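To start, I am sharing the structure in question, which I have written as structure tokens.
Letters A, B, C and D name the chains as they come in the text, with residue numbers starting at 1 for each one.
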Amino acid sequence: MTMHAGSRAALALVLLGCAAAAARAQTAPRYQAPVVKDTARLAGPRQPIFFRHDIHAGQDQIPCMYCHYTATVSTEPGVPSLQTCMGCHLLVGGSTPSHQAEIAKVRKAWSDRQPPQWIRVHALPGFVHFPHMRHIKALGDNGCVLCHGDIAKTPQVAQVSTLRMGWCIRCHVERKITRDCTVCHY
Amino acid sequence: MAQTTAPPTSGVRVTYDYVTRVIHRTLGDPGKGYFALLGVAVGLLTIGIICLLFLLRYGLGLAGYSHPVYWAVFITCFVFWVGIAHSGTLISAILFLFRSAWRTAVYRVAEAMTVFAVMTAGLFPLIHIGRQWYFYWLVPYPNERGLWPNFKSPLIWDEFAIGTYFTVSTCFLIMGLIPDIAAVRDLATGWRKKLYAITSLGWRGTNEQWRHYSRGYLYLAALATPLVLSVHSVVSWDFAMAQVPAWHETIFAPYFVAGAIYSGVAMVISLLIPIRRLFHLEEVVTIRHFENLAKLCLLTGMIVGFAYTTEYFIAWYGGPTPEHKAFYYRAFGPFWWAGWTMNVCNWFLPWILWFKKVRTNLTALFVISIFVNIGMWFERFTLIAIHLAGEPFEPFVKAGYNPTWADWGIMAGSFGWFFMWFLLFVKNFPAVSISEVKEVLPPPVRGRHA
Amino acid sequence: MKNPLAALFHGPMTPGVLGVFGHLDDTTRAVKDLKADGREDFTVFSPMPRHELEDAIDRPPSSVRMYTLIGGIAGCSVGAWVTLYMSYDWPIQVGGKPIGSIPPYVVIMFEMTVLFGALNTLLGVALNALRAARREGTIPYDPRFSNDKFGVFVPCRPDQAGTTEAFLKQHGAEEVRRA
Amino acid sequence: MVDGMNRRRFLKVLGVTGGGAAVVAGCGIGPEPTEKLIPYLVQSEDEVPGVPTWYASTCRECPAGCGILVKTREGRAIKIEGNPASPINAGRLCARGQASLQGLYHPDRITDPMARDAQGHLVKITWDDALGRLSAKVKDARGKGIVFLTGLEASSFGDLVDEWMKQVGGRHVTYEAFAFEALREGNRLAFGSAAVPSYDFAAARYILSFGADFMETWLSPVGFQGGFSKAHGFQAGRDAAMAKFVAVSPRMSLEGMNADEWIAAIPGTEGLLALAMAQVILSGHLGAAPGDAGRLTELLSRHTPAAVADATGVDAKTIERLAKEFAASKGGLAVAGGMAAQYPNGAEIVAAVNILNYVAGSVGKTVKFGGDLAAGGAGSFRDLTALLADLAGGKVALLVTHGANPGYSVAGFAAAAAKAYRVAFATVLDETAGAADLVLPDLHPLEQWGDSRPRAGVVALQQPAMQPVQSNARGAGDVIAVLAGKPGTFKDYVQGKWKAPKGQTWADAVQHGGAFGDAPVTTAHLGPDAAKIFPGKPAAPALAGDKGDVSLIVFPHYALYDGRGADKPWLQELPHPVSKIMWQSWVEVHPDTAKTWNVDNGDFLLLTTSFGSARVAAWVTPSVRPGVLAMPTGQGHVAGGRYAKDRDVNAFDLLPGAANGYGGRTFTVRASVDTTRDHRYLATLEGDPREGGESIVELLTLARATGLHAGEHAFAEEPLPEYADSAAAGWAAAQHDKASLGNYATQPTRWAMAIDLSKCTGCSACVTACYAENNIATVGEELVQRRRFLPWMRIERYFNQEEGRPVRAVTTPMLCQQCGNAPCEPVCPVFAAYHTPDGLNGQVYNRCVGTRYCANNCPYKVRFFNWFNYAERGGEHEAWPTPLDWQLNPDVTVREKGVMEKCTFCVQRIRSAEHQARIEDRSLKDGDIVPACAQGCPSEAIVFGDLNDPHSRVHALSEDPRGYHVLAGLNTKPGITYLARVVAGAEV
């Protein structure tokens, strides 16, 4: 049944992700995430926990699909469960006080069994169906940046694309992908 | 041309001056009766607006629609008002090209009627669509999505036809008004003087102005003539292009145009008779004008009758087809009363117009014209709602249909809207063309040089 | 009366003589004789267009017709372009019909022809009227001209006014006025 | 499973895809300011957001015990489909089974335990309190009489109840409003065994039904219908291309509509008919009658066709013909049940039919004892009447009810039960639970463990598909397990009961829905009393009651059954397969009868029997015998939630409260009829006036159909010139080159469907499947009367009544034909209706402005309009009051008011299959995509696929000689090919 295909693929990816992360961590030149002084100046909504993609995806080079693994198998990218966070943060406590403070929040959430309520940044109206897996399949694992911007260098996630229909269409036309309405609207 | 004008009925000598003054008098301060009428019109309009607000809030379900009656009273009213709109341009443009002098006394009323009727008709497509707040999606404007409307859809043709018709007939009305506004300007006083001074656009009746003016008017007439024929043809194609039995007919275009003129002329008569009475225009708008209108009515009525006959004949002649079922349903189905109202009022009634006595009897004409209007409304109602209800392809979903307060309320509102504008017009602008009436009067000549 | 719009258009009044006529044939004769004198600069007022006068004045037909023609042609092509361009810009297939199917588009083309034609005609009339207004604004006007009187205005230097007055009087002007 | 994830988190996670079912709006791009994303704490391994998870379970809507697969998304059950592994229903499911979701999400479900306060009002109490009260009551009721009343429970739950009752010295009574006493008694009379055998319809070559509504509610309708359509469906090249089907009953039920011959015998004389046929067969030695059949000679000699002709109202010639055909088929199957088993002489009728099977040599062939059905275990009506007596006599101190609602179906119950302390396990407050002193909120079957043994050899397991919707509800099993002092939960009890067949583990069993085996077939011989039936001279039986002279038949409603379906809007708005009436009750009157009474559709009749009276609207129809009235059960609830309550009249009130000779209940009574002046619009799908369905439903005689050979076409259509579809084809090709949608890589697809009318029975399971899959709103009685319904898929039913011919009903599913040259498309001013490259009629809801021109121009009238905003929270016409909206399919847009909607061949399923194929780097295979209607169809009449794929099934079927297109004359080039219905024997 579907569930097995789905979850197996997902798990496999998680493992791969870890391996890859480990491997890259040694070789590739490290990107240094900047120290954010004034968080108020950052674009995008303020999240309950100041989760920094630039540290995780940029500096530590954790591949997107490590946390958002369902994006390759499902229409929904999925939000990583708190367990995924704790997978590392049981051990990783953070280097600077500010980091420690944020990680403490994560641990508290875990111990209180109260997951953080992230504020949604990217959303499409209900009548638009955006299959993530098709796009990842076509654009590759790093295709995310096309719509979400260079998350790996962004301290706080903000909406960089309009996500309006014209914007979708432009890309589809450039890449000679169908413009058929019922591909997204049904 | 002079000899075609009406001989004065009473002792009054109809001079240029008389014409100017009698028509200027119509712009005098309105009486209680006028305000009463205006009040009624605005009242109806208010009712309509209230119903419309409910409709917008809760959805079209408040109206009487059912499955499969997806178009009903609103589209009926749309076609009805567009039809009304037709005689105006016909009288002012086509008869102008035919140089028929009698039009001069009546065309202004007809033209004003046209403009306001189109204004009314234009509202209904917007009211009847399911998501009225997206009506502008029918307009080809450049948008972020890169989407355009479907020009193959008769509804888009409609949009263009009605839009054009409204613009052109409005231009036509305004253009015809300019010299007359100038005329009343020169007699008016007070705020009216200012109003006319501006709206007459500095008209002085110099030879230069007349030279360009009459040319322009001629070409407008030349353009309006095919337009008036096209508009109702396009409206008829809303139905003829669909494959609903009893809609899908090649005769629809001429049939609808004739019907439109028919109803329009009838409406002109129903409007002109009271105006003539109230404004004491007996000398200007004479019985002969009405007789001519009646003749026009008779002619178009005969065409419409012929169209009905053809429809029924073909339906019968075609054998056991859905068409056949549809017309049987029209005549003997549960909605027979609608079908027969239309037949009696439009098909049989006009025959009495063959008699000069009737044609020259204003009371009779008035009654007949009212009946014709009713009949024409029912023609559209039968055609749209009834033929949808009597679905012949899928007998399983054949359904009844009951209009509701929302339908009637909004329809009443449309009448209020129309008469409000019309009443405001006749009190503020010359309801009869001054300069053109003068054109057909014998000019003042001394004759000693002759 | 003073047209509030007048100031926009014209300069100081032109000197000349205005004759008010009560009868059409007088006016026509006056015009004929004026033309016989080789004068073209006079202006005739009339409450309605009369072909007798037009014949007498005998000016070339108005240029408005060109506006109409151009407008019509423009409209037709706009109609064609809009429908076809928009069909192929995002081709969508309906009812097994070709993307760009001409017959339905003819309707649009026709309507656009009429629309543009009409609007352009109006434009033509307006422009010509404006041009005329620059001169006609500078000459006197009598309210009766929109009612039952005809008028002829002959521009002339004050010293010649006398003769002009005489001329008009003798042609049956009910009254003459200097400006 | 969803363990390890508590309900709070489950609710929160909805936020992740809450948008999926959002309402159409033109703009509204970008997030709502308040929209939150709440992650799992620990993500269940099954849960991949956006990917459905399926749980195998068992349907508990009726005792048939069909296997189901529950589709869940983000932890919410959103659809139920049949479990292909189950031998009971072979992957199919009826409307009632699919609608159980609405029982799960019913907005009026009981949230907390409740008990009576001083004023006698039910007030919420804690579980501890509730359990305390219950055990206390049990303690002091010991010896004073404890009764546990349940529905038919052939399950561990039943066992548990039995054990508990043994402990506390109580007794366990089972009650089904439509039980099978006559069947058991009839079988005992004929064969001396009171079991209910399994009937092998698929193997039958000739099917005779005496009143048995085996496709509606009788025993195991889904399985029976599957078998029936295998046998009865036309299949060229078979030795007998199809099994003829003859239905005998005074009222045309779904079976009567599908019958090649419908024989409206006088009520109660079906048995005589069967005996007469047996007589013909035996005397003529036509069948392979076993040796001991001789004992029947005397009985049969009294029942010659001539002798019974008058009594039955069927002429002797017909009877002989039928008998000969039946015997000649060598494999006939005669079933008696339903109406025929509910007369005062029901048992004898069943016995008579058994004898017919016996002398024709069908017993053991098509009637198989051994693999007996659990229905045999249902308590008899006599048990209930006994209980009533005890209750009235104060011999019962404590009455516990679960899954049975006698308060609705037995008039005197409430009054009698008032003496006892009543405890009810229930999900909604139905009549019985509403009157209880202590109400315990039960879990819905989709939320709890359980099992069912519908047939010997079959153990169907039931597992929770999601966390409880009502967090404070507890499974009755768990509660009783505690009371009975069982170790562990009810799950452990079920698992303990479960005996592993070899090679199967518990985990497999749970994953596949149970252990499915077969019981050996035993032989049956005539019982001692076989020849003792119908002693007197052949005559129609006296019906119950002495008021009036009209015979009134009360029959189980296809969807509402004994009333348990009435609280589910999907079932209320499901047009009844025969009457097409929704939300209402009705009484069927024959036109001739109606004429004499001067009654028309919707006129109210006042029916009075010796037992009660009812005012009910008439439905004038040729589908009932003249002089006979027929009325469905199911409506007339006084409790049971907003959808069931105060709706029309309860037909049970007209029935006797006493058990009849064989311990069953008599459903055919004498009634007197008074006409009234009142009238109402019937809430019906059917238009008016009624006409035959020319060029919509096509029929062929068996002879003609068998005569057709491949390549031939019974319904020739004039060939079209090339250019007719060149535009469409060319464009599809162009689009296809531009972008592969992950379809068949080879050529542009044309999604198409083939519907075999010789298989379609008109059971309407597809309709509910469509409602469930596509978020179609239910609009309620008033709007149905105003014809604002939105059934994308409707079953059209026409009556063909030519002079001098028996009336025949023909049915056809009508849905969007996905025309190649669609009339609806070009008229849309905004391209909301347009042609997709893969050959669908796309309908873009968010582009639609609602001119409704498309609906006018659709000759099939399969487009539906949202007259109101059915999704508006708290709106007058709200279709999904929370938590019903949890069921909405996140893959399908919920349509806003003012928008046109229609069938798109489940485009969401097409797309997700394409996505799957694409990420697996393959192209689609035939059968990858199954629309909801095709999936649900119990008779597999609907086939979906790519018309352009020369190897697809749908392509082959579209070439079938029986194939035709509806309204072909309009040249719409539909994507649906109908295969003409084939009628055996009689002319068409």
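As a working rule, a residue touches a chain if its C-beta (ideal position, glycine included) is under 8 Å from a C-beta of that chain, and two chains touch if they have at least 3 such contacts.
All figures in this text were calculated on a predicted structure; none of them were measured in a lab.
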Pair joined by more contacting C-beta pairs (C-D or B-D): B-D
Maximum centroid distance from chain C, chain identifier (CA atoms): D
Centre-of-Cα separation between chain D and chain C, whole angstrom: 81
Centroid distance [mean C-alpha coordinates] between chain D and chain B, Å: 57
Rounded Å distance, chain A centre to chain C centre (Cα mean): 72
CA centroid of chain B to CA centroid of chain C, Å: 30
Touching two or more other chains - residues of chain C: 90, 92, 94-95, 97
Where chain D touches two or more other chains at once, by residue number: 823, 826, 828, 831, 834, 847
Multi-chain contact sites of chain A, meaning residues that touch two or more partners: 164, 181
Parts of chain A lying in touch with chain D, wherever the complex brings them together: 1-3, 6-7, 10-11, 70, 72-76, 78-84, 110, 113, 115-129, 131-134, 137, 159, 162-164, 176-178, 180-183, 185-186
Contact footprint of chain C on chain B as seen in their complex: 15-17, 20, 140, 146-152, 156-157, 160-161, 163-164, 167-168, 171-172, 175, 179, 182-183, 185-187, 193-194, 197-198, 201-216, 219-220, 222-224, 226-227, 230, 234, 237, 434-436, 438-439, 443-447, 449-450
In the complex, chain C residues that touch chain D: 91-99
Interfacial residue positions of chain B with respect to chain D in the complex: 58-61, 65-68, 70-71, 125, 128-135, 137-138, 147, 149-150, 152-156, 159, 238, 241-244, 388, 391, 393-400
Residues of chain B defined as touching chain A within the complex: 143-146
